[in-house]
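Paired with subunit B in one complex and with subunit C in the other, subunit A is shared by the two complexes that follow.
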Partner chain A sequence: MGQVSLPEQRHETRLDRYLDLYAQRTKGLKASAVRSLFAVANRPEVVSLAGGMPNIGGLPLDQVADEAADLIRRRGPEVLQYGGAQGELPLREQICQVMALEGVQAGPDDVVVSCGSQQALDLITRTFIEPGDVILAEAPSYVGALNTFQSYQAQVVHVAMDQDGLQPEALRQAALSCRASGRRVKFCYTIPNFNNPTGLTQSLERRRRLLEVAAEVDLLLIEDNPYGLLSLDHDPLPALRSFDQERVVYLGSFSKTFAPGLRVGWAVAPHPIKDKLVLAQEAATLCPPVFSQCLVSAYLAGWDWRGQVDRFRQEYRARRAAMLQGLEEHMPEGTTWTRPGGGFFVWLTLPEGLDSQSLLATAVTNRVAYVPGTGFYADGLGTRNIRLSYCFPTPQQIYEGTRRLGEVLTEALDLARTFGLTAPSARPGLPPADQSPTSLPPAPNEV
Partner chain B sequence: MGQVSLPEQRHETRLDRYLDLYAQRTKGLKASAVRSLFAVANRPEVVSLAGGMPNIGGLPLDQVADEAADLIRRRGPEVLQYGGAQGELPLREQICQVMALEGVQAGPDDVVVSCGSQQALDLITRTFIEPGDVILAEAPSYVGALNTFQSYQAQVVHVAMDQDGLQPEALRQAALSCRASGRRVKFCYTIPNFNNPTGLTQSLERRRRLLEVAAEVDLLLIEDNPYGLLSLDHDPLPALRSFDQERVVYLGSFSKTFAPGLRVGWAVAPHPIKDKLVLAQEAATLCPPVFSQCLVSAYLAGWDWRGQVDRFRQEYRARRAAMLQGLEEHMPEGTTWTRPGGGFFVWLTLPEGLDSQSLLATAVTNRVAYVPGTGFYADGLGTRNIRLSYCFPTPQQIYEGTRRLGEVLTEALDLARTFGLTAPSARPGLPPADQSPTSLPPAPNEV
Partner chain C sequence: MSHPIVVLAGGLSHEREVSLLSGRRVADALRACGHEVVEADIHAGLIRQLAELDQPVILPVLHGGAGEDGALREVFELLGLPYVGSPAAACRLTFDKALATPVVARAGVATPDRVALPHDMFRELGATAIVDLIGRRLGLPLFVKPSASGSSLGCQRVDDLKDLPAAMVGAYSYGRVAVVERFVSGVEVAVAVVDTEAGPKAYPPVEIRPESGVYDYESRYTAGATSFLAPADLPPEIIQRCVETALTAHQTLSLRDISRIDLIVDAAGVPYFLEGNVAPGMTETSTVPLAIEAAGESFGQVLADLVRRAQARLG
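Up next is the complex of A and B:
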């Protein structure tokens, strides 16, 4: 098989007659690594450990099909019509029941439905961010969030994580030092459960401490929680929002527990912020997809969705096991990785001398795809990191994928050792799992 | 029946502890008059001539239900999964066929699918507008567009319309005078067919002239066309985009020809702009609703949708007739209104001395609702105007609604004549239909 060339930034060489008309915010936007990889990942011969697509093959499709048809037959003129910008009331009530599983106490008027939780993130950013405003974000962070933040010209200041998640002292230092230099810190963005990309989770004690620090330095927290219910080893931990209703905006999603193609997510926010989000939703879409909302609502009401989430958990447990076994058997010495308690992702740190971005083309040629680590940092870190996802392929494919990746890394490492380090400036991000994390906060790293 | 109090701006008196954190762009956002009226309009005893909800009761619901169920049964893991940010390819191909009915020649790669055409408008604005940038917009304009423009801190400069739509000379003058004063004009926003709120349509000759002026002053046009296929008296006119592929961004929607609750609209743009829109869509939602797109696609492929649009046209013709007859019979002397050739709306100009905003509560008490004209101007004009929609209620209800409205206006006019003009400063917007429009461009009016 020949060398595969990866998608490049589009149309770089095309003369753009509209260039002088674009807003400044569009200048930094580029196709994300994750999105660009979709085309490659879809080739049947490639094992994609890249995408974060949930494995929804196990859904009760006949039941969902019947619900959809029934909704349209019985309530067509309503479920196919415009709705309110805040979202359908019955669904918002059910969302509160879903969140109660993680200790969140909220009423339907606290909830704003969005077109996937990505859009909730967009509306939050739109509500708070002026160009140059600071967002504190754990490092590494979800590439889609960094992309949204950049589209509003936020400056992302990364805050260190360790095995227990975002470090409270690092958060405090980052907030204080930004403010001391006169910068406006708007909020801190965190994924407490099974962080994308690391798979790491904030411990209970860590959550309490983070909220104490947030109160001490008067900081708003954005808690992004798409994976919370996909806890694989024990019951979900209480959400940050369950401890503090005024200082936490909670973002949730049905994309991982039901179906991403419906695009139904939500935000829970203190009322003044909620009001802003509703107005922003009106300006952005008039209303989130009504039929999608009604279908989610019918599914939650008519199906044992908790049992379904348990079945998803079983499947992901088998996939995680295949990945961890494969890594154990096939990774060259010096490679380290996280052991996630849930969610979709494992985060690799490569041996010194390897660069994950430059190895990607070789990997795809060897029929395995991953996401290089740099996309998850706003500051160029992550060159020695790789995000692997175990959500979509079968356990057998995942195992085979790690074998192919092992070959690529081993060969690259042999080359590097024979001919010298090829990437001497490569900087790893998160400390590898087998090192003690430092308790000292790093200097804030800026975009 | 008691006096009805209308929704006010929400939570004005509540102390908002997050006030210092909000971005400047949120300051001007308020609940739109149209949205606030939803609650009132839904009361069964009120004839709502306010909302722009299409009458979708005539859809082939059994067929749509079957298509939905079939999609999920046969292709569930695909149609319920994430999709590409640009939208599903088969749908984009079908969208090109739909647009061909209005003379638009485009390929699927020119199309970006959005969460309703409102979101296309949002993405366009996000792509081009810095705070303070000028958008030229015909006066009056769609309230939802003005709302989006405001949310990006654009300055809207209105351009006069007459019975043939946006005035080319006024457009030229506005563009030149804004630039002469050093302001950045980013684009001109227009609804060529059955403008919301006036119902007026650009003549063919007018379209050609507008494009000439746009070329002369090097101006990008945003052509918003949700109602084009709902032409009631003759075949649709060619779209602006059919004359110029480089200077026109076209926005379309399935909300009026199929179902708004699916939230499927689109933009057609020159490729450099299209690329920006795709990136903006990634940041905003990752992808537009996939299942909705597939359902629209299946509907277009499996149903005589043109025949269905013809049936919608028949229904709207009857509704328009009921409204125009009712207005003829019930409006007090001095009231004028437009006679739309399609779409959903009639635009009233009240006799001097009446204020449409202050009469609304009385009207709702008298069981008829409308939208006051001021929402459709960025500059406070429209106090003597009313938007009436004939899309949703039955012809009998519409006729009865105009009768009730006639009572309210007649009584208010009697009062005004007895006790003096109550609204001496009320300024009408568009010249009434029975006056010759001035050919002189007005001074640009700013937000």
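Up next is the complex of A and C:
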């Protein structure tokens, strides 16, 4: 048998020579088995009900191409140059017209343009949050927001929702109990329309009540509204910001109504906050991309963009119908799901004993992908939940995806029963309104 | 070398992302040695793509599924194309831990006490009775893993028998057979074995020290999450024992060209065979490239030598 020759020196490595240089806040940035499965989900053989990519195939691409070429030809030196940190004035004026559709009265000086509303969220978080500060957020909430909050070492305390959205009394209790324990609550983050991931929408009455509670406990609200104009059953409800201009920072986006690749979003804030955001934007990027802003502006001015949004809505209605029909026909007994009035997502609650994270591997083997619910909670809930998106695949693919998912869940439920794992568990996601008004505060290093 | 090397990476297995990372590193290493490299994924046009190349040599870096269970290698044989790595039958055997471990054990290598069970068995005979039997037969702690999977996906340590059912279900997410073995506590090492003109050569074992205490997916693929020592911080005679164990496993399983043998060395200095890998990881955080470079050799040159051997096999 071979004799090994040993080098004279032992080589010890952690394979990252910069390890001691990284900031503490990067500690949570790790490889993830769940995330790695999405590499398979992107293959054409797999029906991906995972991603939240808008279906922009219906955009007037020739028109957009002409606008882009024309912009460069006529105004190249201007649109390819740096711009102001607050964003281009004509676009800010148009943004005000867009927001008026949801009742928001604002002037261009109230608006800060950002690289997608995601960057506006980042600017807000960096402006308000010091490590350990508390952010109240719906349970469950948008994973991209939770990641941003984590990157600034905020502690997220979840607040329960019901079919009408965020629960006002739960919000009050969460704010008061955090403060009573000496923690600083900086703001409450909410997606009132077609919440990502649940698809649930705050009713009009609920919006009024939430603002009353926010006033009573002196709480700033961050209203994230990427899906408001994608209401599929009725006209959009008035935004929270339309009721209160001092207590609400509003985030909007052209990613769902036009083109996410252009990365144009915005924030509307009370002036002291707006001034900070402009300075923060200057520090972060100098300015949002001028060319993208001008192209959005040209699109809004030169195209029937509202008609285009109506066509998007029509397509999303067909996709939502395919998903709801597929779920109705294929889900095993004990599975429940939301019925969104708009937006992109349906939120499933699985029968007892099923774990959406470990089942993702089986699902991918069966050529269907989804997002496990745990990503939408900062505190470990969501193991029995799944987010399904109906925005991108065709209705036929969506229906087929639900069929494949139904097979996976039925088989898994049978296995769970075999192992006696179907006894009621203590922590399902999205509890009914009369239970668990707030989640337990997470430990400081948990976000 | 005038013929292109096709680095095959990606595929449809759960380890697609890892495979793409491995493929990129392998391709870069070969290009740095001056070779013409074509990077390819598994897709319906692959056979046509291979046919259009001038006598390619295939270097599969596909982890999991068809990349490791021998299926693709059968296709290479059908195509009459040279490829680096173990033949199909050896892959089939090695990729299935339920089959490979007893074979290695029969060659005199220490292996953890274990049982391999398809999920149907629990349905037919009742889970409670079998779980109790496992507890009585193997004791605690236990380690549960899918019989055919990699990158620690679906693996879990079980310290309390009441947690075994959930761990079993987790393993079944990755395949229909799960292996439950007695957990062996000790020093975890990986041994790279490469065939040379003089026979199989084992590189000094690499010791794996995950910061979290568990060498799971996060610890494997997050740079900085695990410390590696090459060679392992073990007495020379134990290192020699690890090397001999790895070579025995490589030969007993009829592995060819390159493999990685995972072992755990218990307190008495006995190396236990955990698994063999026919398509070991080649990422920035993988142990095979690390072992080769720690031994003062060029990773790209070692791969190039294997490509040359594969070509020579087909004359």
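In this section, the second predicted complex is superposed on the first by the 401 of 447 C-alpha atoms of A that agree within 3 Å, B and C clash if a C-alpha of one lies under 4 Å from a C-alpha of the other, contacts with A are read in each partner's own complex, and residues count from 1 in each chain.
Note that contacts are C-beta pairs under 8 Å (C-beta built on N, C-alpha and C of every residue); 3 or more make two chains touch, one makes a residue touch a chain.
As the structure is a prediction and not an experimental result, all values here were calculated from the model.
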| item | value |
| --- | --- |
| Broader residue contact with subunit A after superposition on the shared chain, subunit B or subunit C | B |
| Which superposed partner A:21 touches (first subunit B, second subunit C, both, neither) | first |
| Which of subunit B and subunit C A:85 touches, first, second, both or neither | first |
| Partner chain in contact with A:64 - subunit B first, subunit C second, else both or neither | first |
| Which superposed partner A:30 touches (first subunit B, second subunit C, both, neither) | both |
| Contacts of A:270 with subunit B and subunit C, given as first, second, both or neither | first |
| Partner chain in contact with A:415 - subunit B first, subunit C second, else both or neither | second |
| First (subunit B), second (subunit C), both or neither touched by A:43 | second |
| Partner chain(s) touched by A:128 [first = subunit B, second = subunit C, both, neither] | first |
| Set of subunit A residues, in rising order, touched by both subunit B and subunit C | 10-11, 14, 16, 19, 29-32 |
| Subunit A-touching residues of subunit C, taken from the complex the two chains share | 12-18, 20, 119, 122-123, 127-128, 131, 151, 153-154, 165-166, 168-170, 172-174, 199-204, 216-218, 220-231, 233, 236, 239-240, 243-244, 247-248, 284-285, 290, 294-296 |
| Footprint of subunit A on subunit B - complex, ascending | 10-11, 14, 16-19, 21-26, 29-32, 35, 38, 53-54, 56-57, 59, 61-62, 64-66, 68-73, 76-77, 79-85, 115-116, 118-119, 122, 126-130, 133, 144, 147-148, 150-151, 186-187, 220, 246, 255, 259-263, 270-273, 275-276, 279-280, 282-292, 295 |
| Sites on subunit A touched by subunit C in the complex | 1-4, 6-7, 10-16, 19, 29-33, 36-37, 39-40, 43, 45, 355, 358-362, 364-365, 412, 414-416, 418-421 |
